[in-house]
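Mind having a look at this structure? Questions to follow.
We just call them A, B, C, D, E and F in the order they show up, numbering each chain from 1.
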Amino acid sequence: MSMVKRSAIVDKLRRKRMLELLAEGKRIDGRGPLDYRKLEVEIGAIEKAEGSALVTLGNTKVVAGVKVKVEEPFPDTPDKGILIVNAEVLPVASAYAEPGPPDENAIELSRVTDRGVRASGMVDLSKLVIVEGKWVYSIFVDVSVLNTDGNLFDATSYAVVSALLNAKIPKYVFEDGEVKETGEVMPLPISNVPISVTMASIEDKLVVDPNGEEEGVMDARLTLVVDEEGRLCAGQKGGSGSLRPEKLMEAVEIAINKSKEIRKVIEEAVKVGKA
Amino acid sequence: MSMVKRSAIVDKLRRKRMLELLAEGKRIDGRGPLDYRKLEVEIGAIEKAEGSALVTLGNTKVVAGVKVKVEEPFPDTPDKGILIVNAEVLPVASAYAEPGPPDENAIELSRVTDRGVRASGMVDLSKLVIVEGKWVYSIFVDVSVLNTDGNLFDATSYAVVSALLNAKIPKYVFEDGEVKETGEVMPLPISNVPISVTMASIEDKLVVDPNGEEEGVMDARLTLVVDEEGRLCAGQKGGSGSLRPEKLMEAVEIAINKSKEIRKVIEEAVKVGKA
Amino acid sequence: MSMVKRSAIVDKLRRKRMLELLAEGKRIDGRGPLDYRKLEVEIGAIEKAEGSALVTLGNTKVVAGVKVKVEEPFPDTPDKGILIVNAEVLPVASAYAEPGPPDENAIELSRVTDRGVRASGMVDLSKLVIVEGKWVYSIFVDVSVLNTDGNLFDATSYAVVSALLNAKIPKYVFEDGEVKETGEVMPLPISNVPISVTMASIEDKLVVDPNGEEEGVMDARLTLVVDEEGRLCAGQKGGSGSLRPEKLMEAVEIAINKSKEIRKVIEEAVKVGKA
Amino acid sequence: MLIDEKGIRTDGRKWNELRPIKMEVGVLKNADGSCYIEFGKNKIMVAVYGPKEVHPRHMALSDRCLLRCRYHMSPFSTTTRKNPAPSRREIEISKVLREALEPSLILEDYPRTAIDVFVEILQSDGGSRCAGITAASVALADAGINMRDLVSAVAVGKVDGKIVLDLNDVEDKEGEADMPVAIMPNLNRVTLFQFEGILTKEEFEKAYELALKSVKKIYKIQREALYEKYFEGEVKVE
Amino acid sequence: MLIDEKGIRTDGRKWNELRPIKMEVGVLKNADGSCYIEFGKNKIMVAVYGPKEVHPRHMALSDRCLLRCRYHMSPFSTTTRKNPAPSRREIEISKVLREALEPSLILEDYPRTAIDVFVEILQSDGGSRCAGITAASVALADAGINMRDLVSAVAVGKVDGKIVLDLNDVEDKEGEADMPVAIMPNLNRVTLFQFEGILTKEEFEKAYELALKSVKKIYKIQREALYEKYFEGEVKVE
Amino acid sequence: MLIDEKGIRTDGRKWNELRPIKMEVGVLKNADGSCYIEFGKNKIMVAVYGPKEVHPRHMALSDRCLLRCRYHMSPFSTTTRKNPAPSRREIEISKVLREALEPSLILEDYPRTAIDVFVEILQSDGGSRCAGITAASVALADAGINMRDLVSAVAVGKVDGKIVLDLNDVEDKEGEADMPVAIMPNLNRVTLFQFEGILTKEEFEKAYELALKSVKKIYKIQREALYEKYFEGEVKVE
């Protein structure tokens, strides 16, 4: 899933250059440590999906689509609808993405995105029940990554969240012993909007929204997801390096601040999409 | 699935020789361009199958067997039985056939054979319903390719068609809320018989029923399936080459003519099998 | 699954040495031909499992756990519960065990163990029915092999048998049209205890309980399973060599004798486990 | 009734009319060549990677490039969610797509390498394989692969007893025949032909001729998309 | 009741009688060796390919040939359709078949190569593994592989309380014990032994002796099949 | 109610108390290093194999060792039988475990080789990934792999509105937040951090500080387990 061809020598030189720049508060593409790249959210791009969003973050491009089925609930949650987030890094996305079932990177991406949505209680699953224990709405959010240039975690999360906000799902009722489509549509029962903020740590210096080159040389990736009330709802360290303990609280501070800025962009895009 | 060991130099020499012969209207095994190899159809070889046929076309040998289950219909066709054609090129069949799930060649073979049977309406699936939306007959036609020497498409199609014509399936009824076997058997509801005619194009010269050596050097394979009334019901170009547009209509002409000859052989074999 | 690194020359020397020793009635680890290594059976090690046993046979170590589900019976045995034995040689177990689905060795191990349990009638499956044709107990016995040093067949069989003897499964009843857990537990309906005795044949000399080094050079493996009444209930030859026909009856004699000794160890361990 | 008494189809088209087509070249930054196409409601992204090293090595061909092709549908591309694992249909289409593109490429120029063509259906409508070939050929040109010609594809078929051009989703499902055809327009050679349905010889010929003729319109749009990327601002040919 | 009061089995045989056996050698053109066997209602095709190059290379053995074996049932070979993916049963049988054949082959004569034995069950009846071994050994001879001996196999078992030879399908399913045995008849060595059921030591011994004796009849049929192909018209050994 | 009015948890612990921990080093004869841990009701076996040759070769790294890690649950380890095929959860945990261990190892000392860490959950309770990391680090030491530090892990979380240490199974499932953390205690660096639940910034900080502090108790137990194997009978440090 890495976008940049790994060459040990080039990586070392690039890392050295990044550290020199970071010492001056600069980054290799001209941004400051806490600057996101340009974020564009296009809502409703896939008309056949119940909801969809195309997110462009610098050169990273992902599209998410919502599909709905009526299914039996899981045995241990008979009173809840089902929500499944599944991300695939398509082979169109980079020279290093292979066709085939999701690898550990794509699975981590799906699961961390899912955790943010789930822990924040974004979709009120208890309102997605048709007949308790028998029939519930099953919401699939599939993500196709089209181009990778770093920070798939945020781009994927924004696409999933936006597609869920955009979704209009067919309404079903239980009548005469069977589940019937009413022909009406309804929005999903949304009760929170989680915003993911991902940082790279390079020699314990944190930068937000790392691009592909930065991810190629970073020590660790740190994702924190913040809910509407500024609370933390999910987090994940990735990468083979380590970080100083106090860096995590610094990252929490950054995440809470940056999430406000991103939240506005998504809310605006969803509003435009609805108008 | 190719039967002939590929050697670039040998292929070139063989192709050159074939073209010289074709210029005189001859083929490498002595046939004329529009001659089939010897076709033998043995009906009912597998007694445990509901219907079966062993087809030998030159050195190409395939066996098809029909099995029946009672299953739920597909949700989008509640008023139709199910017909599934599945061909496997077994590792017994050639030094180049690997064990394992069907590869793209075997899948194409299955799907093109299936299309001929389906588009011609050979089996009237609306008559294979026990309880609409609940229980239908599910007809599996499995093909095991035992030896490959070119033209698997025709051999497979003939085996499938003959096995379906030969089949006697157990009769089920719905009584007292459940599906019961009656102990009787019945033939399948047959309403048409599609005949496949496959050609190789070598420098825009068409020959029918290519053998393994011819397939090894041909530019393209062209299969056309003709129904009882001489109408086209399926077609497929295969292979990495191209052909002049007018060649397709020439192939249509050939297919309509040759299908009559093949139809007689199959009808005769089925008659013998029944007697 | 072999534990010893295969080196043709070392194997030859080792085999030569073994044969010299066997000529004197000795083995490479000091045992006599009919001596088992130390056998320890620890019952109930996995509290979350309905029954469990950890078996140590020399350096070979396997753990078996019983889990129960309520399921539909197989269509051809509506009046019987389900029993499934599944052994996996975990990658912790040796440098030559790969992660992934069971290979042919692990499948043979599972199936031979299963045959001994099944043919002896150890678990009376007709007593594991809740509603005939609808709901039966489905007993899974999973085996995790933790360290391999020869004779997985016996170690696995002892672990499976002991875990089944140890099991207390939740009791279900059918009331008001559904299957309900009663909160009570019950032992499995045990009607026989099969004991596996495995031998290695090296130049037609039989030794019981071969260790890893012996398995590395043996001609054939011979497993015979003996029931409570001294009858044979399962058997399997493994390995790429052959044996003189009369050796099989010699092996039968050995198996019947040794099974008595092993039976006592297992019965004692199960008694201790219950106290 | 898929065609009304005035000969107008469900989406307002006449029998010989194409759906709206929009192509954009070079839309993916990482790919060596790429093309996004909207063809009716089809939305398709094509990426080309290569020529590049072949893994595993023994699959490399000593005298030419190994062309690989994957046609794949995103789970949200269809009315009912599509399982992301490749279906038998996708595997067959991947093969015929590869065989439709291969005659147009001078693969001898790149021995021991591979070219990957990935055709991702983001939204599917009737004729997605033809739209995919059309976009893939442009993406191969964008990647700078040596070519003999572009490949242009369109489907024809029979709906309500009439031969029509470029079937949409409902016409594809409920129509009587469907025939996707791909052509190298300058070399005048067929590279893809598939057919399913029931047609008399005369109907077959009429449909086929319609495909041969209409494919030239597709070719024009392909050329325009390439011009737009490479010669924008310069004088257009045509 | 699988044996009537006169000691006659459901298919008319006596307790120590084999089902009819028919073998044909060299029936597949592409294979290096092949044999088709009908054994009762079993219909089995065996092909041998090799000695040949090993892929992947690192699996090759420096001092001998790698023997591989696949036992597989066609989907239509059984009463209920068999899923074409290999079952655990087929995987186990493939292993014991390979181990039953291996002692008979002089694999040291073909270092760094592989021999593939494919046993395809076109119609299954009781004893398909024994019939498969019997045919495979002949197919290996047909392929010209250096051998120490043929391998001949037959099953014995217990039905209605009686020891019987060569169980058919219903005897296999409803009988009390089943014991497939394979022997190299000239070298007098056992290469396959499996057993499932309940037998006292005395019954076990009786059954086993029956197998050892009866397998010689199988061997005779194997030799005849090979003579028929290779020395037809010449004076038969007997 | 997972915490009673006296602040006592369902298993009798106080908010900042660990469950009982037992470790044994070198329990598997075949492994290069091994460690068995009981952590509450978790029962986990860890084996380390390596440094060893890499297959397939092209995956080897020229400048360092390839670290691989598999976290796997035995089918009987959970209340409901666990399918033995690796779940998405197991695949993710395998990745974060590897990334938690990697910073502690001097992989540059073993170029072109691989080290495999297998973490087998024989019985699962809350916190199995932390217990697995803790045991794996000891097994790596037992295998003699060059290390910068041990890795010690523990989870913190929120239950009934209170921050608590080391969640057990029921607290993990019904609690409001869960935060596994791994540290190299001497180097004072975080190697694993995951979080799920809802916490205010203040709660988050309190929980995190608790993890940083408590992990040192884990470290002490790790050292004792190693001493027990390697210096039993000698004077203990501490």
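A few comments on the model shown:
Keep this in mind: a residue touches a chain if its C-beta (ideal position, glycine included) is under 8 Å from a C-beta of that chain, and two chains touch if they have at least 3 such contacts.
Keep in mind that this is a model prediction, so the values were computed, not measured.
The minimum number of touch steps separating subunit C from subunit D is 3. Rounded to a whole number, the gap between the C-alpha centres of subunit C and subunit F is 32 angstrom.
Between subunit D and subunit E the centroid-to-centroid distance comes to 52 Å (mean Cα coordinates, whole Å). Chain centres here are Cα averages; for subunit B and subunit D they lie 27 Å apart.
Looking at subunit F, one finds that none of its residues touch two or more other chains. In subunit B, no residue touches at least two other chains. Judged by the touch criterion defined above, the protein chains form a single closed ring in which each chain touches exactly two others. Order of chains round the ring, counted from subunit B and going first to subunit E: B, E, C, F, A, D. Across the interface of their complex, subunit D is touched by residues 3, 45-49, 52, 59, 61, 63-67, 69, 86, 88, 90-95, 99, 101, 140, 142, 144, 146-149 of subunit A.
Those residues of subunit E that touch subunit B in the shared complex are 28-31, 34, 41, 43, 45-47, 49, 52, 70, 72, 74-81, 84-85, 116, 118, 120, 122-124. Residues of subunit B touching subunit D in their complex: 8, 104-105, 107-108, 110-111, 115, 118-121, 222, 224, 227, 230-245, 247-249, 252, 256. Those residues of subunit E whose C-beta lies close enough to touch subunit C in the complex are 62-63, 88-89, 91-92, 94-96, 98-99, 102-103, 179, 183-184, 187-201, 204-205, 208, 212.
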